[in-house]
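Labels A, B, C and D are assigned to the chains in the order they are written; within every chain, residues are numbered from 1.
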Amino acid sequence: MSAKTKVTFPLILVNLKSYLESSGRKAVELAKVAETVAEDTGVCIGLAPQFVDIGLISKFKIPVFSQHIDPILPGAFTGHVLPESVADAGAVGTIVNHSERRLELSDLEAVVERARSVGLISVVCANSSKVGMAAALLAPEIIAIEPPELIGTGIAVSKAKPEIVSDSVESIRKVNQHAVVLCGAGISSGEDVSAAITLGSRGVLVASGVVKAPKWKKVLLELAEASVRA
Amino acid sequence: MSAKTKVTFPLILVNLKSYLESSGRKAVELAKVAETVAEDTGVCIGLAPQFVDIGLISKFKIPVFSQHIDPILPGAFTGHVLPESVADAGAVGTIVNHSERRLELSDLEAVVERARSVGLISVVCANSSKVGMAAALLAPEIIAIEPPELIGTGIAVSKAKPEIVSDSVESIRKVNQHAVVLCGAGISSGEDVSAAITLGSRGVLVASGVVKAPKWKKVLLELAEASVRA
Amino acid sequence: MSAKTKVTFPLILVNLKSYLESSGRKAVELAKVAETVAEDTGVCIGLAPQFVDIGLISKFKIPVFSQHIDPILPGAFTGHVLPESVADAGAVGTIVNHSERRLELSDLEAVVERARSVGLISVVCANSSKVGMAAALLAPEIIAIEPPELIGTGIAVSKAKPEIVSDSVESIRKVNQHAVVLCGAGISSGEDVSAAITLGSRGVLVASGVVKAPKWKKVLLELAEASVRA
Amino acid sequence: MSAKTKVTFPLILVNLKSYLESSGRKAVELAKVAETVAEDTGVCIGLAPQFVDIGLISKFKIPVFSQHIDPILPGAFTGHVLPESVADAGAVGTIVNHSERRLELSDLEAVVERARSVGLISVVCANSSKVGMAAALLAPEIIAIEPPELIGTGIAVSKAKPEIVSDSVESIRKVNQHAVVLCGAGISSGEDVSAAITLGSRGVLVASGVVKAPKWKKVLLELAEASVRA
């Protein structure tokens, strides 16, 4: 396997969710575009595809994330996602506790530890700054603040609820100096990204705003450029 | 993508669960062995690896199964397994409702329908003959009877609880003439497979009995030969 | 404890869900009204209150149902609902697998058995006629067909989707001659109840249509009278 | 309803789980004993019975806790536990996130807020000191450290893993000066309680050690006396 692409900040992390019907072929297309934009702008663009597509996408020079892992050791866990398996397939990290796939608090501690032990970066999603702070105590590398009510709306968290982003940045710093804060929900334009960066976010989580856009290159370029211009 | 390998009976379906730490490399090794044994004996040997390894394994001339799919349409379902994604990656079918990843009854109906609509064979696991019968009404292609208390014990269902296998075969036939019945739990020897086939099972689900065996080829050969000799 | 009130058909089963803020006092008020209407009309009116209110309500001459029980034996199950505990408190039966509290298929088999073993009548909710049929194989006393998309809408299943009621009655009879079929979702008028009874339903599940009605007595009277006039 | 009994410390909180088959009658017996011991020793003894028994037990001069509540508002939540309903029935507080009924992190924030808004004390269980710290950020009144591997073993956390208790006390104080720390798991003797108190715990959670003891009075007396002698 080729060396994994390192994560740098600002980070544009694109969550593909289950949006793409021909998931493998389309994810590869998106990865190619992301790779080009990343090379052209110098901005780190990560992709979180369906589990089965992690291997395909990890051949490109972009960091690949799992959308979830389970807090399990190798064993009798049919239908669960072994952290080792996604790391082996080429992922550099994993989203966990997304509002569409939430974890119990105790599992969250375990999952961050398991991720670390297999060399995966944890991106813990949090629906509020208090939850973000609680998550920060578990020492993940990245915390992504995503108010669920804005997800998929096109109304950007960084513009509709700027205080949740700045509050999170500040309160998370109090309990964990090392964790990087991202924000997400409703992000679809360069302006949304600039606003996020200005508030102290080190990048964004974006999903439908990119995946459902008519021109992937155009929107990724806009987001990437805004992230460094801010 | 190459044409998918067809499922025939008797079927030896190997569930890799989360047993293999270096999941990709090891799963490929096991697939190679399974392919050889399948070619040598003419017996169908299926593998159900970790999600991320479905693509890797589907290059071999053996049918590949997912360990689970979610009853979702393309959309905002982070961390869920889109049926289309595993079909695209090369799987011919999917295990669902395994005792380690059980489904709600209504989701089970939805998941069997989604599997069919994307061309995946459903292998619905059932912990009892009554549950098997209920599952059969949802019209999956295959029902696998697995008493959870025997899973991973090495005590074969076909020898320790033969009546659950024969009862299931009989009662499932009453409500669904087309569904194929497999059995599983504790299967590790040719004798276990012969007993299963004699009871009306059209094959077996096997996991630790193969995956944790010191010599994969030896045990797969023994199981495959027993399945046609019975 | 006084003798429990027997369930007869037609049955108007009122699911209080979590609608009532001052749950105990209000549930007692509703129970009094239901008792009066049941005595006046001779129609069986059951109530399914919050767990904590089962004991309070069971003093009235109406059958009381739990909204859910867990498939557990006495033991270390903090926060779960022991079937014995609701039977002891005076419930005659229990709703299970409601679309707002769905059960895994294997748990559903276990829960129906546990209910029977402690003398509770099972009312298994099903979101489709196929699920209703599968549930019927598990031998509950009552199956309630409730298409989730109509719950709480005021659009009655018996008028908007009459075929799902008649199909369910017919297909459930094929696999279980003894199970009684009710229907629910959107029921709020006497006409809705008449339509349900005409389609072969032996009563209705009703929730907001009664609990949120300005005059409980008026609506219960209307439903009860319609159930015997149909 | 009579005034609720206030919670004071040290607190012996007895979780009845689902241990008692004749749950109502037996819970009343245990409540009587607890009331007597509490009066004789001046030590606060709380009981957390099955949901349906909360009303029965709240007539005694002991504080009653729910074993769980759901983070819901009054509405369409069949089979869920409305915080208002348990408060109305006489509970003064609620256990949440017990290892036998764990909550997702975001629900935990919501549940602590809902509890507060209806006047219920939250006792958040945590399986580790890190999880306890994360929980403390959500501002519950009480955090109970319970290593799941010791629950029900009779091997007391305060003697087998004293460091987890003292670490929790210390690290929780860093993020929340007001939260009271209890510990639990394996507690069954006065010595276990003394050890817990000495380590900074303000009381204990106890379950099988009391509920399954042959003589409730003897063991409760022993625990209560040890809690003030320590």
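Throughout what follows, contacts are C-beta pairs under 8 Å (C-beta built on N, C-alpha and C of every residue); 3 or more make two chains touch, one makes a residue touch a chain.
Here the structure is a predicted model, which is why all the values come from computation and not from measurement.
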Path length in steps (a step moves to a chain that is touched) from subunit B to subunit D: 2
For subunit A and subunit D, chains touching each: none
Centroid distance [mean C-alpha coordinates] between subunit D and subunit C, Å: 33
Subunit B-subunit C separation of Cα centroids, rounded to whole Å: 38
Distance between chain centroids, defined by C-alpha means - subunit A, subunit C (Å): 44
Junction residues of subunit A, two or more chains touched: 99
Overall pattern in which the protein chains touch one another (line/ring/star/complete/other): ring
Of all residues in subunit B, those that touch subunit A in their complex: 15, 17-25, 48, 50-56, 67-68, 72-82, 84-86, 88-89, 95, 98-101, 151-152, 207-208
Subunit D-touching residues of subunit A, taken from the complex the two chains share: 97, 99, 102-109, 126-128, 130-131, 133-135, 137-138, 175
